[in-house]
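After this come two complexes, each holding chain A, first together with chain B and then together with chain C.
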Partner chain A sequence: MNRLLWPRSLSGALIGLQVLAPKPQTGSETNTQQRKLQVRVRRLHSVCLSHTQMDAQPYFPVQAGVGMEENFLSLDDILLSHERLPVRIECTFPRLGFLERSSDTQDIVEGTKMELPLWLSKGLYEKKRRVLSVELPKVYREGWRTVFNADPNVVDLHKRGPYYYSLGSQMLHFESPENPDIAQTLLQTFIGRFRRTMDSSQNAYNEDTSALVERLDSLEKGLFKSGQSGLNGFQSWEKGQAGQLTASSLVLNYRKRKMADGPH
Partner chain B sequence: MFCEKSTELIRDLQRVHDGQLPAFSEDGLRQVLQEMECLYEQNQSDVNEAKSEGRAELIPSIKLRHCCLLRNQRCVTAYLYDRLLRIRALRWEYGSVLPANIRFHMCAEELQWFSHYKKSLASFMRALGGGEGLDITQDMKPPKSLYIEVRCLKDHGEFEIDDGTVILLKKNSQHFLPRWKCEQLIRQGVLEHVVS
Partner chain C sequence: MDPAEVEFLSEKEIVKIIPNFSLDKIYLIGGDLGPFNPGLPVEVPVWLALNLKQRQKCRIVPPEWMDVEKLEEIRELERKEGTFAPVPSPYYMELTKLLLNHASDNIPKADEIRTLVKDIWDTRIAKLRLSADSFINQQEAHAKLDNLTLMEINTIRSFFLDSLNFMYKLRSNMQPASSKGKAMDY
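Here is the complex of A and B:
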């Protein structure tokens, strides 16, 4: 049952991004693009579904949240919300000066610039009162957006991210005039890179994929893995091995570890 | 910064991503709880001060500590919950008896939870099939025949099948056995399913 969550969450993520992006002008170009995206998402669904049927894994971690939502129990989301953001403190925090290492004052004074994790910035941020203002991380700023708009494929998102999409969606919690542009760039980047991710995941059979995944964002890595397991499942079905009973990968991994520990 | 320890817990768990169960970090958990206690006490005294002396400027700090408390709570809950998911998966992979090296990684409460899970799964399976019972952990892939050809990957000792025959499972020996009897052993890597 849980197995079916992934494809839904993916399309949810896309829908989330689309809702956030400004309404497209009614041009035929954007329409075709959206239609294409729908087709791709549907194709991806089939990939994910085939994966769910062939690869019976009993452990399913809690899925990451969709779009701007965070899933409370998801490990991925917890690590995502630990990403640090540059913020400017707009009101004094008494008796917490020790959190800011560069100064010796007792309080965190107004106007201090420091890095806070996303969860704290999100918790303290208020739209009505100015407690802190969050600055955009570099990769979401105008300069990088131009790069992404020019050719999203050249960017090493693992180095820039690795939570480029999710963190970008989270940035939309903070009010900024640039938000629509950020959302639009996120969506376009995903669309621009998606084809390559899908193609490589569907065609790299029995080969070393580390070069293919090293530049992918964590979301794309998930997609890549789905595609690979779909491909492997299909190949083993073609060879008539789908009905073969196999040892559980969990057990095998445990044994590998035990052997590695053994000689010590 | 606060909450580093709790994130460390999550990171350790995430690093072992294919469902293996790392050792229960009792120490890490205790440190997180200590930090939470500390934060709570500081907040309590600041709240009292803010109330009695009307010092509203303390409120941002109180809020910050409160956020940290909530964060710690979230991390600890997620940590325990994800471990339970992994432990539940172990029941399906290994069957009802876990190897000692895995049990060693579980804390007392988790062992208790595992035995409860085992019991409720067993009573559910007994209730199926019109009182006859049905083992739902069997036949994860649709069976094509009742008997299958298997090869032994390691010495497993004697093994009794339905009709009372005892077979010696010796390394590299090959047998023709009822599928439902050996499915579990295949999953555990003792036998290998030979497809001609």
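Here is the complex of A and C:
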């Protein structure tokens, strides 16, 4: 399992760091490896940080694809591809038993139930040759769909997701009779929650917004942020701050990074 | 778009000033201005009016609509109507702010005007949000919004466009066959 979930992105690098961390003094090789991974983590970290900033950005962040297609360069979509899906193996995987820790057999036998990341399930899934079948995660099943249809506002989508909409759209890649219902529920949920996202993003000025965003899906958080930038822009104009020149956040961050890197 | 850019656009509006100096007609790319004679009202763009005012070379005559009674009427109309009522100027918010900040001594009852305009703005923004919500709720494809000003559109633009984009994608999920051929922009 460990190996199947190995790198490709930030979470991969973090896992790698964890694996290497327990035995730091075994030799210089591990240390350099660890060092490399640390560098990678820090780089990804800085990418993530600049992703979250509201104003000037060093590049144009790519938004999540949301629909059936992922955006290759979107960080959200990369993280999304690591979401685990419950799958059932439909044909024997010879000599891959070591990946499945719960059994001691040499092969992964037909009918095994395990969890695979989305990117791998998508790769292995084929309509004609049944390699594996994907089961729906709980949030997309009948029971939860009823909840979403009743009142989407009460659900904590961050806890259930945080990629509720994106993952739901990705689930449409796997054939299931429930697909039309899932698509319908996704849309209805978004529409039902729209008003609250809009009102909170347009009214929360100069206050702590963490309570407002903690229940939002990652996609809704992006919306919240763009709503806030509209509001903040208008308010700072009204207070007459728009005419003042300020240092670009790029310059400020560069100075900070220089200071942080100084002692090394 | 930045609110400052909207403000910049609003500075092309024409106001009347009463200069206290004399100058011949001046010829600019945007049109001819003047001639300026002390005591004789002349029409100039806002940016020039503010500049002259800051150098105490003129007195600004407030636009006709910048008047407590007229604004009260507009406010009542705005509250009564379900749709957006016509505004006195496409840049009413920006002009109010510019003129009141720089030339409040030339405008009678400046404070009242400030509150009235803010009231009108708040009512309209609330309406805008309401109509955006019903637009999303009914899954409409297009809407006609008359009498909206640039500044009002500007506050909600990025949020609304992003939401519509997401909604479009979630909607195209429902017809998987038709969404296949569409390539992404990136």
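Criterion: the second predicted complex is superposed on the first by the 190 of 264 C-alpha atoms of A that agree within 3 Å, B and C clash if a C-alpha of one lies under 4 Å from a C-alpha of the other, contacts with A are read in each partner's own complex, and residues count from 1 in each chain.
Just so we're on the same page, a residue touches a chain if its C-beta (ideal position, glycine included) is under 8 Å from a C-beta of that chain, and two chains touch if they have at least 3 such contacts.
For clarity, every value in this text was computed on a predicted model and none was experimentally measured.
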Touched partner set for A:P162, first chain B, second chain C, both or neither: neither
First (chain B), second (chain C), both or neither touched by A:G240: both
Touching partner for A:L250 - first (chain B), second (chain C), both, neither: first
Chain B versus chain C as contact partner of A:G123, first or second or both or neither: first
Chain B versus chain C as contact partner of A:P152, first or second or both or neither: neither
Partner chain in contact with A:V66 - chain B first, chain C second, else both or neither: second
Those residues of chain A which chain B touches in one complex and chain C touches in the other: 62, 72-73, 240, 242-243
In the complex with chain A, residue positions of chain C that touch it: 2-4, 7, 97, 101, 129, 132-133, 136-137, 139, 151, 154-159, 162-163, 166-167, 169-174, 176, 179-180, 182, 184, 186
Contacting residues of chain B [partner chain A, same complex]: 1-3, 7, 10-11, 13-14, 17-20, 46, 57-58, 60-61, 63-64, 66-68, 70-71, 74-75, 77-78, 81-82, 85-86, 88-90, 92-94, 99, 101-102, 140-142, 144, 148, 183, 186-189, 192-193, 195
Residues of chain A defined as touching chain C within the complex: 62-63, 65-69, 71-73, 165, 169, 172, 179-180, 183-184, 186-187, 190-191, 194-195, 198-199, 201-202, 219, 222-223, 226-227, 229-231, 233-234, 236-238, 240, 242-243
List of chain A residues in touch with chain B within their complex: 56-62, 72-76, 78-79, 82, 91-96, 99, 117, 119-120, 123-124, 131, 240-255, 257-258
